[in-house]
Amino acid sequence: MSLDLTEQQTLLRDSVGRFLSDRYSFEARRQILNGDPGWSPTIWRAFAEELGILGAAFAESAGGLGGDALDTMVLMEELGRALVLEPFLETVVLGGGLLKRCAAPLATETIRGIVEGHTRLAFAYSEPQARYRWDDILTQARPEGAAQVLRGRKSVVFGAPAATHLIVSARTGGGRHDHEGVVLVLVDPKAPGVSLRSYRTLDGRLAADIDFHDVRIPPEAVLATSEVAPGIIEAALDEATAAVCAEAAGILDRLVSDTVAYTKERRQFGAPIASFQVLQHRMVNMFVKAQQSAAMSHMAALKLAEAAADGARSVAAAKAYVGEACREVGQSAIQLHGAMGVTDELAVSHYFKRAIAIETQFGSAEHHLNRFQQLSLGMASKTAA
Amino acid sequence: MSLDLTEQQTLLRDSVGRFLSDRYSFEARRQILNGDPGWSPTIWRAFAEELGILGAAFAESAGGLGGDALDTMVLMEELGRALVLEPFLETVVLGGGLLKRCAAPLATETIRGIVEGHTRLAFAYSEPQARYRWDDILTQARPEGAAQVLRGRKSVVFGAPAATHLIVSARTGGGRHDHEGVVLVLVDPKAPGVSLRSYRTLDGRLAADIDFHDVRIPPEAVLATSEVAPGIIEAALDEATAAVCAEAAGILDRLVSDTVAYTKERRQFGAPIASFQVLQHRMVNMFVKAQQSAAMSHMAALKLAEAAADGARSVAAAKAYVGEACREVGQSAIQLHGAMGVTDELAVSHYFKRAIAIETQFGSAEHHLNRFQQLSLGMASKTAA
Amino acid sequence: MALRSSDDDEAFRDEVRAFLEAKFTPELRALTARQAGVFADGDLARRWHRILFERGWIAPAWPTEYGGPGWTPRQGAIFQEECARAGTPRLPGMGLSLCAPVIMRYGTDAQKAFFLPRMLSGEHYWCQGYSEPQSGSDLASLQTRAVRDGDDYVVSGSKIWTTHAQFANWIFLLVRTSTEGKPQAGISFLVSPMDAPGISVRPIISMSGEHEVNQVFFDNVRVPVANRMGAENEGWTVAKYLLEFERGGGSSGVPLSVALERLVDIARNQPADGAASLYEDPVFRRDLARLEIEVMALAWTERRLAGRRRDGESIGNAAASLKKLCASELGQKIEDLSMRALGLYALPDQRGALGTGANESPIGPEYAVTPTARFLNGRASTIFGGSSEVQRNILARVALGL
Amino acid sequence: MALRSSDDDEAFRDEVRAFLEAKFTPELRALTARQAGVFADGDLARRWHRILFERGWIAPAWPTEYGGPGWTPRQGAIFQEECARAGTPRLPGMGLSLCAPVIMRYGTDAQKAFFLPRMLSGEHYWCQGYSEPQSGSDLASLQTRAVRDGDDYVVSGSKIWTTHAQFANWIFLLVRTSTEGKPQAGISFLVSPMDAPGISVRPIISMSGEHEVNQVFFDNVRVPVANRMGAENEGWTVAKYLLEFERGGGSSGVPLSVALERLVDIARNQPADGAASLYEDPVFRRDLARLEIEVMALAWTERRLAGRRRDGESIGNAAASLKKLCASELGQKIEDLSMRALGLYALPDQRGALGTGANESPIGPEYAVTPTARFLNGRASTIFGGSSEVQRNILARVALGL
């Protein structure tokens, strides 16, 4: 089987790429970044109406395009290449990835809102004590009559300040790391008892720490009961992790090409600095890591699209590799841009900061190396093929 | 306090350096290496009689020079620089380091033999199951009348094929890793029940795996009882470990200077390859690691000479640093010598192989990183000063 | 090495500690703990400068004749250690550490008498005009012109990456006074007040969002010839003399150790998978131990080379570059691990809680406020003051004869 | 990727396994397990060559018209995988993999008819005369002269690093037939029997003590003009065509995975501090996982670039260099960790137990016999066949346009 894109994927890539190069230049992005709310409703509407990509990952029955992890990869690579700030990852990939696996009628309804462009999601799963484990949950959902009452604290919830709906993981029972007793509920961020501390992250995106103080959850807002929630969470997080790997592949590609272009322009000692062998070899190392990151991202997407037995392990391997590549390629790009690289003025520092954030998002390289080892133990074959 | 050498140490360094450059050229060494027994009795005699360095580390009352760990450092650096094959480390530093801490009359007598040049030692402490721990001892010393009977197996005992005496660690009691119950005994390698499988190590030195099959040890051959043996072993191993760090400093210095000289000579693409920036920067990295290795070796020797509380921790830090430097600088030296580097013909591959062996001898970098961590926990201050 | 300090040294250490205890007040500590820039910002820097000046301790390296405290090198090191451990504000050294040696060596008596006391008191706040937009690593290619006109030079051009130009009232700068001969041959070293007509300052915002550096424009600025240090067209010698101080000041061991201690504090408080804290995690512990050992290696190398330098061995000349190279790269590794130790709390932009004017509470734990900003700002350390590439070029030439 | 093989592929895999089960006998396995050189030594190589030849499987990449088996690429990969897993002898490829494509492309019909069948059968054992003492990375500067004399060239000079010259009966070599123009312009590609008068071979012993490479001297050796491939003075084109095969053959993933599996076996049997075996040691496990992931990254990159190469994207041209660079450096990392996994048993010189003529038992455990020699021999992988430096230069030019 080849790793070539299908014709449809190539078309998708080209149309999104064209849209972004027309409408999402570095200057256009800077205005969005420096303004309020930090993302562009106009662009979002265009994603829904002009490009139709907000439905990319959903079944055609839900108004989507029926795409798989490979389509998501194609999209995320382009979004990464343009450093798009809008909450596509949070809403479509992660939020949508949860919803499409939930049988609750409210899930289907919410998906429709995503596709139409008026619903944005954030998945509040991480907690201050948890480092990178989704199953380290202290937030409680206590029954109170037919409803439940939510109490707890979630940390660094990406996309929350822009979200119209929060999906929250909570415990109806079980101990701190138990998979039993975990449920998913849909919460209105404006509901009584919900308080957000909203902020930017270092890459200019939006996130929040969220307190839930006795928030009432009606029965229909329980998206997934404890029988199915852990599996749904793991599957959606795997997809989202593969998606940031693809985003990173787009970013790394830009970091390499921007650095090559800059060093060809910049002259010192009477020659373009690109003529210095040490810089050339460092750029080759960046190139190699960027190529390998793209390949690992592709592998992870393919495994998920195939529902392969080693899907989770492949995602862990990809994220571990790509995370380290983000750091190394990013730091090289800054270094080779010299003093210009550490300013806010050129694109390179913005790509760098997103790359550094991706290294941490959904778990660091160390975290995924550990996961890879644990998942490897369960696999029959450890070969590269 | 400065890190300068004393006048006496400078004299010692210069006289040994002069002797070795006169008498221990790469060609002279090659003949010793390729011949039998793999070391030169003539050189050894000269060490005893002309240079007097076999007594360097012993008290003047024992016929020695009363030197400390800094004198050993000065010597080992020179021996490293000339890649000396003779068992100075095994006999004087390690064997002597044990003996001079033992109260037994036989110890004093054996030291006299070392100083005079007719006694050579090997310390048989490592065992096949032990990886790098000296206290993982299965070899037993059972009492039988007034004597003891030795049974067990020691592995990769450096210097054993050249040794006139073996010092052996064994258990009179205690479990596998216990410090209680460990004794040191002196054994004649030709005694009944001792069998050596002798071999060269990758760096051309001599070692052996040794079986002790009910070897009778008379009471006077017990050098250290279990009250003192563990402390003696640790002190002597620390000194020997610091000494190989110094040897490595000499070797790394040669690897750097040989590589610089070779790349200045070797021409490709119409220029000396030393003019290529990538090679220059790689040599700078080698140089930095070699300088830092010399500093770490110096630190370790100074701490031992001062009997500082953090002596063992400093030795662990030095060996961890120097071990990794040996690998990295060695591999760079080979790479920069190109195809000539992987042959037996130039000195560089011989220095490389010794550097690689040193990385493992007395414990790998990983082993000493662990030791460093454990010893750090016990120290009040963790600062670099 | 565990220097066995003399009793005098211990008494001196007690004196320094007592001083810091008294003068580095809780208010100053709190302000300083929220600083993540390369240097403390202007107001804080001025306040702490004043406090040290009043105690006579602002210029440990200066000779007593100019107002130095007359300390032994060991006392200087103790002072540096104690300040680093207490976490006092990082003062910009453009005046006291860089320009001062130049004035002492190349200045006239009048220049010395005018500038040095004002530098000491903090009345003059200096910035450095070396780099230009087209002249970074290749400093000798600089283009800012200074044309002689009577008793003045008329200066036109632009300097960039000028740290704290927005706070400074004096600048020292390299200008081109001749285009004859090699590029190095026509350079002169001038100083000028920042309020001279024709000087304007454009802020350059760093990727962490901070304003530390600037571009400074010179539009026919008149600088009296009396403000030249050294001879006309011999500024390159002066410039190189100064660069030695830029690469070389102080010991790296203590600030790097302090950075490691901060990291250890984070690690002890951070959760980990399968261990009580990140500090107990074996893989993290190995990474940490490696860094501790690298800091030791650099500190001992500096000490060892200091001895060689005294002996005049050629290796001594390389010591400053070796130190700049290793300290900056090692500092980055520590910043990198510190940021990663925070887990997800490495991600929030903490600008609202950083700096003297900040009034927001931290997002996440207090110790999460500075590491990310330090990480981002620290990227500059291998670029400014002679990039790592330039230091390796120097070492190749000076240390290896390539 | 977990390629979901077709039933045909699975049947083919079974066929390969059955063949290896039958023909890769315990005796051959034992001999091969004690090989640590880059290639199996001459006798063993000849025996295994013969066995594959008889089965028709000696030249998987050859077109069927010349005697290739006509496999799909997938079948070729399966064959390679199964051989790697079984640990069959590594056959030198100077004839079948390097010279053969040249003959197929540039040879006359007569040359094809003479050489290809003999290459296939193993009657001709080839070695490669490219490098010279003064021409390594800078191959175009080669000096071995070939002067036309009637129907012959008279060749004088010397080639070096000639692998298996001591076993070979044919050599292909680059010679200088003109000194006009650029160095590349005057080169021709010749082949000669090794027993031609005037050829002599000097062994070069490697640092592991092995004899794999040689220097070959040419003292007025007569080579018929009929033994030239391609036109006179156009040998550089031929040479570069061949180099693509030197960098490019086969997939790296499988041999590297097999090397990792060997390492895992060692680690499971080695003691460790505070863990049941080295394999359970968290720090070792992280190092191992990193290598596993790097092997995956390289294997998937090769697969991905193969697609690009088909599309004619410029990146495809870089694929061979990328692969050579990464596979050799990654192989060295695996060799390095494998050696270090052995603890003290990494140190004995196992030469007595290595090679087909060896008759000593291993020192320490059986698995300790080869890793150190492989580590030492592996140092050559980033030097020969275009050093890592040369590959990075190529990638800078081809992939980045520098």
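The chains carry the letters A, B, C and D, assigned in the order they are written, with residues numbered from 1 in each.
One rule holds in what follows: a contact is a pair of C-beta atoms (placed from the backbone, for glycine too) under 8 Å apart; a residue touches a chain by one contact, two chains touch by 3 or more.
Please read all numbers here as calculations on a predicted model, not as lab measurements.
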*Could you see whether A-B or B-D has the larger number of C-beta contact pairs?*
B-D
*If you take the mean of the Cα atoms for each chain, which one ends up farthest from subunit A?*
B
*When the centre of a chain is set as the mean of its C-alpha atoms, what distance in Å lies between subunit A and subunit B?*
53
*Please work out the Cα centroid separation of subunit A and subunit C, and write it as a whole number of Å.*
38
*Which subunit C residues sit where two or more other chains touch them?*
283, 286, 389, 392
*Multi-chain contact residues (two or more partners), subunit B*: 276-278, 281, 366
*Please name which positions on subunit B make contact with subunit C in the complex.*
1-4, 256, 260, 264, 274-275, 277, 280-281, 283-285, 287-288, 291-296, 298-299, 302-303, 306, 308-310, 317, 320-321, 366, 369, 372-373, 376, 382-385
*subunit B - residues contacting subunit D, complex*: 126, 128-133, 136, 155-156, 197, 199-204, 207, 209, 267-270, 276, 278-279, 327, 331, 334-335, 338-339, 341-345, 349-350, 352-353, 356-357, 359-361, 364, 366-367, 370
*Inside the complex, what are the residues of subunit A that reach subunit B?*
276-278, 281
*For the complex, which residues does subunit D have touching subunit B?*
131, 134-138, 141, 160-161, 204-207, 209, 213, 270-273, 278, 283-284, 332, 336, 340, 343-349, 352, 363-364, 372, 375-377, 379-380, 382-384, 387-389, 392
*Enumerate the contact residues on subunit D facing subunit A in the complex.*
1-4, 81, 253-254, 256-257, 260-261, 264, 285-286, 289-290, 292-301, 303-307, 310-311, 315, 322, 325-326, 389, 392-393, 395-396, 399-402
